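For reference, the structure is listed below as structure tokens.
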Amino acid sequence: MDDRIVKSITRLVIPFIQLYGIFIILHGHITPGGGFSGGTLIGTSLILYTLVFGLLPSKKKFSHRMSQIAESGGIVIYVGIGLIGLFLSGQFLTNLDAGFPIGEPGELFSAGMIPLLMITIGIKVASTMVSLFHLLIEGDLDADHPGIR
Amino acid sequence: MQIIQAFVDHINFIGAVALFLIGLHTVVTKKNLIKRIMGLNIMGTSIFLFLVAIGNVTGGVPPILQQDPNVNYINPIPSVLILTGIVVVVSMTVYSLSLTIKIYEMYGTINQDELTYLIREEEIHD
Amino acid sequence: MKKHLLSLLFLIFFGILVYSIMEMPTMQNQEAPSYNEVTEYYIKNAVNDTGSVNFISAILADYRGFDTLGETIVLFTSVIAVASVLRTVKKKEGEDY
Amino acid sequence: MINQLPIINMLIFLATALIIPLLSKRTFKITLIFGFIMLLCVVTSSFFLIFHIAEHGAILYQFGGHDSKIGIEFKVDLMAAIIGLFVVGLTTIIYIYSCGDETEGVEQKEYGRYYILLFIILFAILGIIYTNDLFNAYVFMEIISITTCSIISIKRKKETYAASFRYVMLNEIGSLSYLFGVALIYMVTGYTNIDWVSQSIQSIWQLYSINIIIALGFMIVGIGIKAAIFPFHIWLPDAHASAPSSSSAILSSIIVKVYIVVLIKLLFKVFKLDILNHFHVSTILVIVAATGMIMGSIFAIAQKDIKRMLGYSSISQIGYIVMGIAMFSSLGLASAMFHIISHGLMKAALFLSVGIVIYKKKIKKKNDFEGLAYEMPITMSVFTIAALGMIGIPLTSGFISKLTLGMASLDHRQGYLIIIVVLSGLLNVIYYLPIIISSFLKSEPNTYHPFKIEKVPWPMLTSVILLGIGILTFGIFPNLIMNMITQAAELFGLI
């Protein structure tokens, strides 16, 4: 699919999709949506990039090392936030009693740890979708005609 | 007449149960592996439809805080359970799809009958 | 023949389930048994407990946060599981995981 | 600080699972030792947990400090602590075995991934044992089912993929019907916390009895599929035949038992006794267990592949455990729990010794075991101890669990169950004894067998010896754990 029009359109559209995805993740605690749906949006934009520009350039964009870091990093941050709650107020995953700033309900920086968790889930879902998509393509390539990349 | 009225009242739940059984029927009877995975997805979605139908309040508003106090919201808990359940069904589908790729690579077929035939043949050989 | 028998079995099972749904408490309003004091608690004090306006993200991240941790781990294991199935041993040493 | 222990145990396993990929640069020995240290500290902490709970009663741990019906809650009672210690202890022994077993179909590259999956399974098992929330149990059930399938399919052989595909399909149907049961219960009660659900069920089950009976049916079928109880056991033998021996040891001695613990929690904590007696669940379970015990052994006799035979024999042993549960009495529950532990030890010993035999001699068929005991004395002696335990010969833990099962059935005027227990014991003899006899007595004519210990990596031997000692100690001194188990069984408030 190395059609000139498709490539230029995707180059135009992908930043806006990602921007919208980040918007949904950040406003997770104000408007509907949140980590899962925002992460899927960003993941789909990267999959669109892989579809249009082929596997190898997108592997450079979202390399294997990065997906590994995003995967384990997501859980480490999540558990870290939970541990903050554990140390400060004795129960795992506590929100406001553990000193997370409540802020003004309805504002962007409000609701204590919820936006942080939403961002972690967003990164996690996006990187999982993309690495699964890459793995499935590689698996398929090896299955049909091994060796061709 | 009264039965049809009762039928219409419970249409969400009957639809969910129908989807569940259609999914189960596809998983059990279909021979193509990918069709069986699709049947699994249908079963998962039917349970989420069932959960949404439980939490639904007619004339309810999605559970985002509204200004005027006397608006009634739908029950938020089933929607949270669904958000968690969707990810589970997705990851199970991806895993079974990756197995199907490998089975196709090794056996060259995705049909369940041919597969069992080939496996039994190998068992006789070794 | 076996196929028809099986579909008949499924039809009977469907009939039983539909009959039993008729007796289930399926009213779609606030008198439903599932709309109990837990839901009212969430709707009333989710805002001042967690500060988030969207109750679903409040429950998802704060009240039932451990479920979501389980979710992220399901995502993590699905990548590892698919990698362990599909990831052929790379000739060049760079590719690991 | 004490009631933080359950969550700390789980986080240790999660941390090890995340650190292993980072260690992959260094030699593999360090990852193995690192994992072993982590396992040891969790074993000590769960030891500590048992003694604490024995005195002070169950630990209640609400996440996020919310009230129990609002948030998620861990309830670590004595049974959860005992089973937790059993799971972690047995996994340490299997872990020692898998350190030595490099070549058994799992390439070096896959090895890091195998251990990541192993530690995530341990995380999810501790989670599902401790949790007091129905939906949270579903999430952990999913983690276990996806990791168990990938442990089986990590061995890149043709038949492993087909076997694990069937396993994924059946497992997924099991968890979805369990979820359907949870949705039905949520529809009627509005809670997902086990204590609150059982509280509100006791009061309204006459009103919505249809909901309760269908939820009970779906949940028992769902967990039955996952725990390979008789009519739904189709996936277990194929999964065992093709899986690496350490993962089939984990599968059949630990993961199947965890689902039975979930069944115990479900039956006796959510649907308390009067609902179960009203719907005659006890007779249904007894029939299912009895057929399982008999049919499992009959199928096992007909098998040629040794691992498939062991798979069928674990199905019949699961029938014993379900029989113990189906008596709805605290002594029956105690015998079920004791059999969970003793069968776990015996089945792990059988699978690991067969794994050593396959590792050294590459044979898979039952009747190629001639004269094996001379070449591999230690492995075959442990295999014999475990096989005698399965049959129920005294001095082994298998005998004690059969004895307690018989006593429990006598207490409740269900004496006819003893006939089934004895009959299935005889059937076990038919398929275990020929292997022992052929390996010890039959040997190639006039070949002199110098008595020598087999040249097998030392970790594999130590783990098998440890299991043999475990079977014998629990057989000779059962009261080490028996009084703790009876104390745990009384907590369920059965007769």
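Here the chain labels run A, B, C and D in written order, and each chain numbers its own residues starting at 1.
Criterion: contacts are C-beta pairs under 8 Å (C-beta built on N, C-alpha and C of every residue); 3 or more make two chains touch, one makes a residue touch a chain.
Please read these numbers as outputs of a predicted model, since none were measured by experiment.
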item	value
Comparison of A-B and C-D (more C-beta pairs in contact)	C-D
Farthest chain relative to subunit D (centres taken as mean CA coordinates)	A
Chain centre separation (subunit A, subunit B; CA means) in Å	25
Gap in Å, rounded to a whole number, between the CA centres of subunit D and subunit A	36
Centre-of-Cα separation between subunit C and subunit A, whole angstrom	20
For subunit B, residues that touch 2 or more chains besides their own	24, 54, 64-65, 77-78, 83-84, 87-88, 91-92, 94-95, 98-99, 101-102
Sites on subunit D at which at least two other chains make contact	14, 21, 63-64, 135, 139, 142, 146, 149-150, 153, 161, 186-187
Set of subunit C residues in contact with two or more other chains	17, 24, 26, 34-35, 38-39, 42, 47, 53-54, 56, 60, 62, 64-68, 70-71, 73-78, 81-83, 85-86, 97
Contact graph of the chains (line, ring, star, complete, other)	complete
Footprint of subunit C on subunit B - complex, ascending	6, 9-10, 12-14, 17-18, 21, 24-25, 28-29, 53-58, 63-65, 72-73, 75-80, 83-84, 87-88, 90-92, 94-95, 98-99, 101-102
Contact set on subunit A toward subunit D in their complex	68, 72, 75-76, 79, 83, 85-86, 89-95, 97
Subunit C partner contacts - residues on subunit D that touch it in the complex	14, 21, 24, 63-64, 66, 69-72, 107, 109-110, 112-114, 116-117, 120, 123-124, 127, 135-136, 139-140, 142-143, 146-147, 149-150, 153-154, 161, 186-191, 204, 208, 210-211, 214
Partner subunit D, residues of subunit B touching it in the complex	20, 24, 27, 33, 36, 40, 43-44, 47, 50-51, 54, 77-78, 81, 84-85, 88, 91-92, 95-96, 99-100, 102-103, 106-107, 115, 119, 122
Subunit C residues touching subunit D - in the complex, by the definition given at the top	17, 20, 23-26, 33-36, 38-39, 41-42, 62-67, 70-71, 73-74, 76-78, 80-81, 83-85, 89-90, 96-97
